[in-house]
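Each chain gets a letter, A, B and C, in the order it is written, and its residues are counted from 1.
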Amino acid sequence: MRAAAYPAFALTAFQSRLVYRNQVWASAFGDLVSIFARIAIWTAAFAGATQVDGITLPEMVTYSVLAWPLLYWDFSRVLYDVGGAVQTGDVAVFLLKPIHYPSYLLSTHFGHFAFECVTIVVPVALIVGFTVGLLPPASLFHGLMFFAYWAVSWLTLFALACLCGLLAFWLLTAFSLEWFLMAIMSLFSGAVVPLWFLPAPLAALFGYLPFAWVSYYPSAVYLGKLDPAATWLHLGIGLVWLGLLSAATLALWAKARTRLVVQGG
Amino acid sequence: MAIIAASGVEKIFRQPKRQAGLGGAIRGLFSREFTEVRAVDGISFAIEPGEAVGYLGPNGAGKSTMIKMMTGILVPSSGTVEVLGREPHTNRLTNAAEIGVVFGQRSQLWWDLPVRDSFDLNRHIYDVPAPRFAENLARLTAMLDMEGYVDRPVRQLSLGQRMRAEIAMALLHDPKILFLDEPTIGLDVVAKDTVRKFLAEVNRDRGTTIILTTHDLVDIEQICPRLIMVDDGKLLFDGELKHLRQTLGSRRRLKLEFGTDPGPITLQTAALVTDEGLAKHFLLENEQTSILDVLTELGSGHDLTDIKLEEPNIEEVIRTFYQNKPALAGARP
Amino acid sequence: MSRSLAVVPHLVRIYIRTRMEYRGAMLLAWFAQALSYAATYTAIALLLLRFGNLGGWAWSEMALLLSFHLLAYSLGASLSFTQFRDIEEKVRMGTFDAVLIKPVSPWIYLVFSGLNIGYAGHIILAVGLMAWAVTQVAVDWSALTALYFLLSLVSAAMVTAAIMTMIGATALVWVRSKHLFSIFFGFWELARYPLNIFPVPLQILMLTVAPLGFLAFVPVAVTLGKPVPLLGDWALFASLAAGPLAVTLGALHWRHCIRNYQGAGG
């Protein structure tokens, strides 16, 4: 199949979501409530202090919006999509078509992500920006590098979700895998509490695990908490992790595919 | 007294309009228009105890909606429905205890458990005394030939086996009326036949009133002496099946094949429609005409190799109906 | 009604048997869910380790709040969440019709034919954390405070089940209602933090139309003797009344929606 088909999958996914308008309004409202809650939590935690560990409250507000709805997007759709397809054997349909299944998934879920971004994250960010205020990137360099980190973050979370989805083929339950991944992400990714507020040994440990590249590092780069040298270095480490996760995902996919073909589903 | 009486029943649904294209979909995020769909439109009939009635019509004709109103699931928009002398939706629980309902496409069995567990749960739900339950279970198991699989999980059963179990389950509490929504849909020929024979027997021997919806005319021929036909929410016909054929003039087709072309043939008992030389197609004018009558008239001396008699199929009946709608109003006296 | 109640043990038994067909997956899910909550609580504990308190609540007090939140939620949700989340699917597939043709109350049938034993992981974690927290907080436990604590827990579970019922019932009329759960869980997440840290409009919402303030904060604040914003001295009474009141409203809404059930629409 031609490469041009893959953007079409993304567009189809985007359009398919427009039908569920109540879902859009409800998700946007639910996220708005959550984000104001997080802002309130940080305000309470700072308790009037101008800065804690060199971090200001406005920086934490910006961190909250970046780290959670934008970077730590709802991966369960990917996980159940993959998990369901391999568990039921429906994935065999894709093996019959001239489609590269991982690329198909990637484009479809990018479409879903773009939809959630446009309809939910951007409006929520605008409301927060006008009411509480959001900070611009620390510098032009950090702003540009944020996009590179964002790409690594998105693909890392996508690969993690696919990996867990594929594991459902052997463990026979996508549900538990979703919760395992949630457990890992809520502690290690920095989506809830950034690494700079953690005890030093924990922060050092979490800082080397790939999950921190989903929420923590991109947000920290945006806020200018990494100097240029560290920014380049961590981008490199993030890419290595991404490469390893992608290789693991593709290897697991190859294994599942062989099992599907040999055993006939 | 009628066991079921419907009078001037209407049911109107409100459905959102879908707009086409990306622009339409985005507009749909902000506003939505609705259309009113009149699924049941002024239907009246009365059914006596012990009758077996087929409720026939194409998809979307309002068959299921009518069943749902009779079983108390839906409330009519206007008009009245009475089942066993009660309004079903206001007396839903009392009504439910005295009827049995089978949905052809929606299983009521517990998918992961043996059939017997679903039956047993129904015993408690319908509060059936243990001896009567045991007796009914034994009888139904034998009649529907279920001995082989009542202890197997439902997920392992074929569609035909499952449907037999569904029907048995609906009868375990000796309902006075049995409603079946498309009970033969998707079944193979053998399974269809078993279900039809069984339902006819239940109606005949136990006197259970049967209302079934279908779009398969054979269901009606074999189970239901009476037919109610609807289309587009409106009642088209209410009466006996053979009466329908007469009224409709939807005639049976006869195909005669010859070894050598006998030349043109004209008959009193059947009208020639197409002549392909070796194969000739006729329409039988009269419901009473048999093949024997035609052959007698045709006489010997022809090199006749094959005879085929085709009943008019449902599509044909309905098509004829569309054309004759006004003429049929009040077909049942 | 008496027949409906008599059926309950049979519904529960048959549902548990279906779940036991997949007991491996269920045990794994118990563990995974407990782990996920434990990870979130650890993140909150680490936050408190750095900042000392949150809106005047120390870690032991937060632990009591979090465990109460999880326990009350799990008790209420085992009666309601999956059952009423999936009602939308049942309406669309037409299987809800099969519930309505049974001579038992459809609410009883739905709730107990799906009594979710999947919450065991939540409950074990919540009880464990609570057992630790009650010994750490500065409360003079007496028979009366313990009784209040238990009754308010029941009331909070009732609030959960009532809201879930109302959201699910809405699907009977609107066909779709799953999206309302996104809103529910937005407020549900807020409910595990001290209410006093939120802006006043949110506080008002959490004590009225989205009454999840009663899920944990109000009863735990009363138990700990901490001030409750807006309610003040009424907090004790309100936390006990919230459950029965929500259940009454839920029942009325459920009845209204059953009467106006439209099926899948034609």
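The rule is simple: a contact is a pair of C-beta atoms (placed from the backbone, for glycine too) under 8 Å apart; a residue touches a chain by one contact, two chains touch by 3 or more.
Because the structure is predicted, anything quoted here is derived from the model rather than measured.
S.K.: When contacts are scored as defined above, which chain pair ends up with more C-beta pairs, A-C or B-C?
M.R.: A-C
S.K.: Specify the chain with the shortest distance from its C-alpha centroid to the centroid of every protein C-alpha atom present.
M.R.: Here the chain at the core of the arrangement is C.
S.K.: Starting from the mean Cα coordinates of chain A and chain B, work out the distance between those two points in Å.
M.R.: 53
S.K.: Hey, how far is the Cα centre of chain A from the one of chain C, in Å?
M.R.: Measuring from centre to centre gives 28 Å for this pair.
S.K.: Could you work out how far the Cα centre of chain B sits from that of chain C, in whole Å?
M.R.: Their C-alpha centroids are separated by 45 Å.
S.K.: So which stretches of chain B touch two or more other chains?
M.R.: Counting only residues that touch two or more other chains, chain B contributes none.
S.K.: Looking at the complex, which residues from chain C come into contact with chain A?
M.R.: Answer in residue numbers: 24-25, 28-29, 31-33, 35-36, 38-40, 42-44, 46-47, 49-51, 54-55, 176, 178-180, 182-183, 185-187, 189-190, 193-194, 197-199, 202.
S.K.: Provide the residue numbers of chain B that touch chain C in the complex, in ascending order.
M.R.: 13-15, 37, 39, 60, 62, 65, 68, 71-75, 89, 92-94, 96-97, 99, 101, 103, 105-106, 108, 110-113, 117, 120-121, 124-127
S.K.: Can you list the chain C residues touching chain B in their complex?
M.R.: 3, 6-7, 10-11, 14, 17-18, 21-22, 93-95, 97-98, 100-105, 259-263, 265-266
S.K.: Which positions of chain A touch chain C when the two form their complex?
M.R.: Where chain A meets chain C, its residues are 20, 22-23, 25-27, 29-34, 36-37, 40-41, 43-47, 52-53, 171-173, 175-180, 182-184, 186-187, 192-193, 197-199, 202.
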